[in-house]
Every structure is written in structure tokens, then in C-alpha cells.
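Listed next: structures, encoded as C-alpha cells.
In what follows, subunit A forms one complex with subunit B and a second complex with subunit C.
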Partner chain A sequence: MSGRRELLVFAAAAILFACGPLISPFIHVDLSILSEVLVTTLAVLSVNLLLGYTGLPAFGNAAYFGLGTYGAALSVTYLHVDLITAILVGALAAVIGALILGPFLLRRRGIYFGLLSIAFGQVFYFIAYRYTDVTGGEDGMQFPRPPFGPGIAHVAINGLQFYYLAFVVFLIAMIAFHVIVRSPFGRTLIAIRQNEARVRYLGLDTDRFIFVALLISALMAGISGAMFGLLINFAYPLELDWHQSGNFVLMMILGGAGTIWGSVVGALIYVIGKDIISTITPLWQIFLGALFVACVLGFPRGIVGSLGSLVRRGAPVSEDVSANEAFDANAPVEVGRGV
Partner chain B sequence: MSDAILLEATDITKTFGGVRAVDSVSIAVREGMIHALIGPNGAGKTTFFNAISGFTFPDAGRVTFRGTDVTRTLNWRRIVMGMGRTFQTPSVFPELTVDENIRLGVRAHAKQAFRLRSPSGEAAAAVDARVDELLGFVNLTAQRERLVAELAHGSQRLCEIAMSLSTEPVLVLLDEPMAGLAEAETERIVGVIRDLRERLGLTVFFVEHNMRVVLSLAEHITVLDRGKLLAEGSPQEIAANDEVRRAYLGHEVLARG
Partner chain C sequence: MFHELAPQLFNGLVLGAFYAIVAIGLSLIMNLTGTINMAHGSFMTLAGYLAYSLVLRGTSFWFALLAAPLIGVLVGVLVERTLVRPLYKREPFYSLLMTFGLSLMAEEAFRLIWGPNGVPFSPPPGLGSAVSLGFMSFPTFRIFIAVVLVVAIVALALFLTRTRFGLRLRAAVQDTEMIAALGTNTQVLYAVNFGLGIFLAGIAGVLAAGMLGLSPTSGNALLMPAFVTVIIGGMGSLFGSIVGGVLVGLVISMTTLFVPAASEVSMYVLMAIVLMVRPRGLFGEEGIFG
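And now, the complex of A and B:
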């Protein structure tokens, strides 16, 4: 995508989401569901950075997401912190989690990285599940939504205000993600996905790149998890479970691995689809499962990735593909390359 | 050309299960030389190559590079120290353009790979100039915007050689640079390898099967057979060595060479 077109898409999406509260009654989707879309997008991006861009099977990102949720829940419950602090505590908990797990995860690549990620995630799940006195165990923990910030004590924020907070965080995350994947650092991550041995034989310590990518990923998942907890005012162990990691991967593949907008579209379809179908039938997962299978078989590059290919095919073929175009971080990739 | 030893491997041994792929092999690569490593299939050439380039570590023995013990040094550090390497199957980034493939290496060498902002001004101009220079060296300037996956095999190999040069090595290790190439492409690569030494003053150590190429290009040849060092010497000496003939060459090939 050219810079200008990308800016247009970004502006259009920003305007659309800014009008979310106006649109939601017309499409019969609750505003809190739209907040969930914005918040979930961050978690999908966190998987995308590792899996879609760097080629690492991030099958355990629910660990960081859940650490974010519990970080926020515990700090609100026991320390009575405000909303912003709760989000920061959640993000910090996730990053600390990644700092601890990172050195172990870095020792493996490919499917073993994925299995280790799942295993470590389950450790956190069982801690939350068993440590009933503090976390409420299986029942989870309910907590009130705290006031917004340190200077604005006891200003409770309503659903609309929370939506716009999520919107601002979403915008910042999207811009930051864009900057990261377009930077020399991000390009090196893409190169690692394609051929890690060659990156090492260019004199680069790929472990260092992957570790930083993991920390960024955990940070995004942690913010996502903290905000999700604050949105529903609840933390429960299943948020840490590997099923949850699977959901993030599913959303990423649905939208398109290795594309920024794929993560938005994936989260949008999954969260809203789940909301709509689950009111019709409790078997909503069957429909999402079918959609996933159709996606993998029919358009493995995901919705955004496949649309991107269509647009490119339709456009007049240019002799002069710019280096940036060919190195387009948004270019669709097949998951698993370089694994 | 000097007599200084750039890379020295002493008593390198590598076993896989019960198989001694490389058995106590020692070599010395002298600065400014084009040095070839030959041997029949399964002689342990690539295993040996992997051990000296840090792709794997040897079970026993010692590798020194530029006077420093690098036996257990990680491969990427060896590159920083001045080694460059290519692989039997061109190791490239297939979904990136030729330009970007080479640019990644130039950026890595300029310590820009970890940055969140693309460099501008002089730093960017220096990178651009170096990329242009390397593209010119391997004669791929016209294909710079093509995806590497779309290139012919020989051009991919040239791209890989340019990538291995992008980190400014003093020693270039080439693993079977002519494998799978047509005659014309082989000539191109032979020309480039000569240029590595003549124009850039680099030391070249390469594994090769194509005997005609080895005898015409190399100044020093090491022969491996079944994991052991069989012979060593100038192309003439190797061509005249009976043991080498028996193990590997065959009279006919030598006569043509």
C-alpha cells in the first residue's frame, strides 16, 4: 500500500470508530462490544507481531493478556488504584512475565516455541485457578471500575467514556505498530521470518530481536488484557487459558497474518460475530469454527491479505515495484513461513 | 599476498551418532588465497565448513580466526569479526527484492538494524552508496527491484554473494558456489570469485565439486575423503597425486583439467 492510500485507510477507520457510539444502535451492537473490538485488536496485533511478522508460533499470548487482566483486577481490588494506573500495572505484569519467560522461549524455534508458549501460559492459568484466596479461583474476581486518573478522583467513567479511552489507546497502538513494522527493526523481524539463519549470517543476534519483539508483544497483550478486565469489570482464569491464545491466533488468521488491518478486521468479525451468533444459538463456536476452516482452505492469507492480492491483481502492473512496496510490511504472508 | 594465516582449524572432529563425519582435520587458510576444499560426496566438506563458520560447533578441535579462538563463538559474532558465508542452496530472503536483501546486510554492518527510525542524511546516503556498489559488483543493478524468488538460480547465488559481502568480510566462505548452475552462470560466478580476490583483496575459501573450476580457480587445494584429510597442495600437486586420483578424480577428469 502506498503511503497516501494507507493514510486514507487509517483516517477512514479512525473516523468510523470515532463514530462508533452513533453507529452502534443502527447495527444493533452494544457499545461495550465495540469497545471489546478495539481492546481485542491490541491482543491480536500482539500475536501478529510474533507470528505474522517474525514467524514465531505465538500460541501462548493469553498468558500476557491474562497477566494484564489480573494485574489490573488485583491492583484495583487490593490497592484501590485508578483506571490508568490499573492499565499500567496490567501492562507491567505482562512485560515482567515476558522478561521471565523470554530467556526460556528464546531457546526454541518453530513448533517447540509454540508448545513452550502454551505450557508457560497454562502455568499462569493454574495459578489463577488454584490461588482461590486472592484470585477467586474458578469463579474469577469481580471488581468495580475505578475512577479515571490520579487527579480526577471519584469521577466514575461510563461506557461511552471507556469507549473513547479504548479508541485513543487503539489509535496509539496502531500508529506505534505501524512505525515498528516499517522500521529497520521491523524489517529485520520480517527477514527473520523468511530466513533466520541468513539474518544471523549478516552478523545480527536474532535472539535479541526476538526478545524485544516478545516484550513489545507482551506489552500490547497486557494493555489489551487490562482494558478487557476493566471493560467487563471481571477477571477469570479462562482469560489465561490456551483456548484464549487460540482465539487470538484465529482472529489474526481470519484477518490476515502480517497485515496491520488484518488484526482489526479479525477482531471485528470475531467479537461482533460471536455477539450476534451467540444470541441466536449457544453453538456459536461451530459457526466460527466453520468460518476458520473456510478461511484456511479458501483464503489462507486472510480477509485483508486476500483483498490486498485482489487489489494488486486488478491494478495496472507496474514495472517499477519500489523497494518499499516489495518489502511491504503489510504484504500478506502465509503463516508458518520461516518456522 | 602475505603468508599470514587468516583462518586455522586444528584437529576438527565432528560425529553424528556413530559416524565420524569429520575426523581430526586441520587446515590453514592463508591471507589473500583462493583456497578450495574438495572431496567425494559424504567426505565431510560441508560438515567441516559448518564447524568453521559456526553453523555447528565441532566436538573436538580448535578454530582460530584472525588470531582469536572462535571455536565456540556464535556464528553472528564471527560475521562481525569479518567472516562471510554462502550456502549450498542460496540462503536469501525470497520475498524481498534484491535491493532489500543486500540493504539488510549493509544496515546490519552500519549498526542500523535495531533502530526504530530509518536513518536519514549522510547515514542513509552511505547505505545507499554501498548497496549500489555491491549491486554493481555482482552485476545485478538491473534486477534490483525484482523479488529474489523470481530470479534465476545463478542470480540468486550472486545476490547471496553480495549479501555476504555487505558485512565487509575479510574472509569469504562459499559452499559449492557452482552447484546446480548452467555453464554460462558458472562462468559468471567464477569471474566474481576471481574479482573477490583481485579487486577486493579478500581471502576465499570454498567447497566445490566442479573439478575444472577448482583446478582453474584455486591456488591451494585441500582434499577430504571419508572425513579425513587426504592431501593438500597446489592444483598441480593435487592433480598429480595418485591417492587423490584413486579416491576422487579419475584419470579422465584430470586429463581434461
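And now, the complex of A and C:
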């Protein structure tokens, strides 16, 4: 997309989401579900940075998401902090988690990275599951929504205000993400996806780039998790489970890997789809599983990815990516190519 | 504590044999085709439930022990031919995601067919007792499980090293193109290899149902330890899976005895330690999966 058209899309999306509280009654979707879309997008972006841009199978981001949730939940419950502080604590918890896991994950690439992410991520799940005295164990922990901020901002906030808080965070995250992936740093991540050995030959320490990407990813997932916990006023171990990681990956694939808008579309369809289907039938999980299978077999480049190629070429999407496209950093990708 | 230690060590070994056999199935499929089969646990559960239904309809346990895994293999090969095969030329990540979806669907299907709660599946009367060794006693069924699993592993090893087909399979892991050029139908290899992995999972699934219980998620509970086993043993090495499985089994059983709160986390700590010392795992082969 050209810069100007991208700005237009961004403005349109921002206006659309700004009008969310007006739209939600018409589409029979609760405002809290729209808040969930905004919050979840951050987590999907965090997967996208690692998987879509850097080519690392990030199958463990639920760990950082859950650390965010529990960071917020525990600090609100035991330290009675305000909402903003709770989000910061959650984000910090997630980054510390990534600092601990990073050195282990960095040892391997490709699918091995994915399996290590899944496995080490489970450690946090079992900690939350086991330390019943503190975390409530399997039942999870309920906590009240704290007042907004310190001092003069020490006021209670309702669902509508929370939506706009999520909206502001969403906008900041989108802009930050856009800046990051267009920066020399982001270009290097894309280069690592395409050919890590070549990046190394150029004298760049790819481990360090990947570690920083992991920390940024954990930060975003942590903020997302903390806000999700504060949205539903609840923290439970399954948020840390690798099934949750799988859902984030699915949303990213569904929307389109390696595109910012893919993450928004993926989160939107998943969260709203889940809300609608869950009210119709208890068999949501069958739909979810079928969605995984269909996405992988049917349209691995996702909705935005496929649409993007349609617009660019005016031609139907072909299965194989042309050699030319492999060097187009903005092109939507199949994940993990060149790993 | 010794009177508890010995039985718990034995339990750890049996558990380890389970992990090893599941891990071997995963490794077989992973090594040849680069497919990460997240639905492996579902095939265990499927075989367990099939055996349960068979026994419920009056067949003997022994028949069910063989028939249920074989039906599982039929389903498995069907899945492999239709859904997994298109992913062979793509990154392993896609097969992981696809089979993850399959396992979600399977779990819900088990819930629909056999109910959301666990069902009782007890070992046959002859194996329900315990063997006394003087200072302690072992449940006969667990000894039986250990024997079956060891026999299965030995049989697999013989199959892979002594039969023509087994040799082709191992050769294909090294160089699929060369094997194809020499006139072997690699698609048949893929299908049989997948079926073999599912068969091992099925046997383990039926036995695990008798020992660890049977519920829609029971097979998946064994999947994560099996993946940890593969990572500890080293990807690409079947022998590594056996050693890894035993290690994981022992570590879990020992922490269950001495530090129950850490029983789930302990195997991940073991994995972290192994990876610090040997990033490829204990017997990991150079060049397989980076």
C-alpha cells in the first residue's frame, strides 16, 4: 500500500472504532466485545512481529499475555493499585518473563523455536494453576476494576470509558508497530525472516535483534493481557495455556501474516465470531478447529494478505509466491519461509 | 520413605515408557515429513475410547488392545492422505497449526460421543491384582503395561533395522529424493510411517486409559510431556526419545513424591538444564530442524 492510501485506511479504521459505542447496538454486539477486539489486536500484533515479520513460530505468546493478566490481577488484589499502574505492572511482568525465557528460546530457530515456546510457556501456566493460595488456582481470581489513575485521576471508570482507553492504547500500538516495522530495525527483522544467514554475513548480531523483537512482542502481549484481565475483571490459568497461544496465531493467520491490518481483521473476526457462535451453539470449539484447518489448507496468506495481492495485481492469488515477491518487504507472506 | 520410593521409581519408569512411545511416534512422523502432529494425543484418546466401546460391547480386552489402535490407524492414514499430505512441501509450522485444529475438533467430538466426563475403563480381571515382592507390591497391570511398551519399542527397532521396508524408511529420513529416485514410492512410505506412529499412540492410548483414566482430554495430557521428551532426547533421534522418556518419567515421579507442588514444572526445568548443556538435546542429530 502506498503511504497515502495507508493513512486513509488508518483514518477510516480509527473513525470506525471511535464510533464503536454507536455501532455496537446495531450489530447486536456488546461494547465489551468491541473492547475485547481492540485489546486482543495487541496480542495478535505481538505474534505478528515474531511470526509474520521475523519468521519465528511464536507459539508461546499466551505466556506473556497471561503474565500481563496475572500481573494486573495480583497487583490490584494485593497492592490495590490503580488501573494504569496495573497495566504497567502487567506489561513489566511479561517483559521479565521474556527476559527469563529469551536466552533459552534464542538457542534454536524454526519449528524448534515454536516447540520451545510452547513448552516453556507451560511453566507459567502450571505456576498459576498450582499456587492456589495466591492465584486461586484452576478457579482463577476475580478482582474489582480499580480506579483509573493516581491523584486527581483517582476516579472509577465505566465500560464506555474503558472502551476509549482501549481505543487510545490500540491507536498508540498501531502507530508504534507501524514505525517499528518500517524502521531499520524492522527491516532487519524482515531480512532475518528471508535469510538469517545472509544477515549474519553482513555483520549483524541476529540473536540480539531477535531478543529485542521478543521483548517488544512480550511488552505488547503483556499490555494486551493486563487490559483483558481488567476488562473482564478476572484472571484464570487457561489464559497462559498454549491453546491460547494457538488462538493468537490463528487470528494472525486468519487476517494475514506480515501485515498490520491482518492482525486487526483477524482479532475482529475471531472475537466477534466467537461471541456470536457461542451464543448459538455450544460447539464453538468444533468451528474453531475447522477454522484452523481451513485457514492452513485454504488461504494461508489470510484475508488481508489475499485481498492485498488481489488489489495489487488485479489477479487471483496463486499458491506459490513469485521470486520477485520474496524481496518485496511489504508483501504479505506465508509464515516461516526461508527459516 | 524407602517403601514409597521403590514403587514410585517403578511408576516413573512406566510413565517414562508412555512418554517414550508417544515421543517415538511423534519423532517418526516429524523426522520423515517434518510434520509436527499436535493431534497425536487425540489419536491416543480415540484408541482409548474405541477400546472402551469395544469392551462395553462384549469383546475381550485383548481384542480391543489390538483392534482399537488399528481402527485408529485407519483414521490416521485417512487424515494423513487428505489433510496432512498437502502440507508436506510447506513449513512444519503449518502442519502444527492444522493438526492443532484437528485436536480441538476431536476433543469436542469425543465430548459429544462419549460425554464430557471421564469414563471408567478398568484392566481385565486377570491383571487387576498386585504382585508382591516381599518388601513392596506392584499392580500387575502396570507390570503388564511396562512389558507391552518395551515389546512394542523392541519390535519397532527390529522393524526399522531388520526389514527392507524399515531400512527404506530410515533411508528416506536421510534423503527422500534419493530414495524416490531409486524407485521407492515415497507416498506409501509417508502413509505407512504416519500409520506406524498412530499405531504406537493407539497402543499407548488403550493402556493409558486403563492406568491414568479416560476423558476427552486424557490423551492431550500426555502430549506435552512427549514433546518435552522429544526436545530433551534430541530431535531426529529415536533412541533419544527412549532415554528422554525415562528421564522425564523419573523426574516427574520423584518430584511428585518429594515436592508435589513442582510435579508439573519439573520436566520443564529438566528441559532447560539439558538445553543449556546441549542445545540439540541429548542425542539430537546435526542439521535436523536447525
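The definition used in the following text is that the second predicted complex is superposed on the first by the 320 of 339 C-alpha atoms of A that agree within 3 Å, B and C clash if a C-alpha of one lies under 4 Å from a C-alpha of the other, contacts with A are read in each partner's own complex, and residues count from 1 in each chain.
Note that in this section a contact is a pair of C-beta atoms (placed from the backbone, for glycine too) under 8 Å apart; a residue touches a chain by one contact, two chains touch by 3 or more.
What you are looking at is a predicted structure, and each value in this text was computed from that prediction instead of being measured.
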Touching partner for A:A197 - first (subunit B), second (subunit C), both, neither: first
First, second, both or neither for A:F26, with subunit B first and subunit C second: neither
Partner chain in contact with A:I111 - subunit B first, subunit C second, else both or neither: second
Touched partner set for A:Q285, first subunit B, second subunit C, both or neither: second
Winner by number of subunit A residues touched, once subunit B and subunit C are compared: C
First, second, both or neither for A:T188, with subunit B first and subunit C second: first
Residues on subunit A engaged by subunit C in the complex (per definition of touch): 57, 59, 104, 107-112, 114-116, 118-120, 122-123, 126-127, 129-131, 242-243, 246, 249-250, 253, 283, 285-286, 288-293, 295-297, 300, 334-337, 339
Contacting residues of subunit B [partner subunit A, same complex]: 53, 55, 74-77, 79-80, 84-85, 87, 91-97, 99-100, 103-105, 107-109, 112-119, 144-145, 147, 163-164, 166-167
Interfacial residue positions of subunit C with respect to subunit A in the complex: 34, 36, 83, 86-87, 90-94, 96-98, 100-109, 112, 224, 227-228, 230-231, 235, 261, 264-265, 268, 271-272, 275-276, 279, 289-290
Contact footprint of subunit B on subunit A as seen in their complex: 179-180, 183-185, 187-188, 190-191, 194-195, 197-206, 208-209, 320-323, 326-327, 331, 333
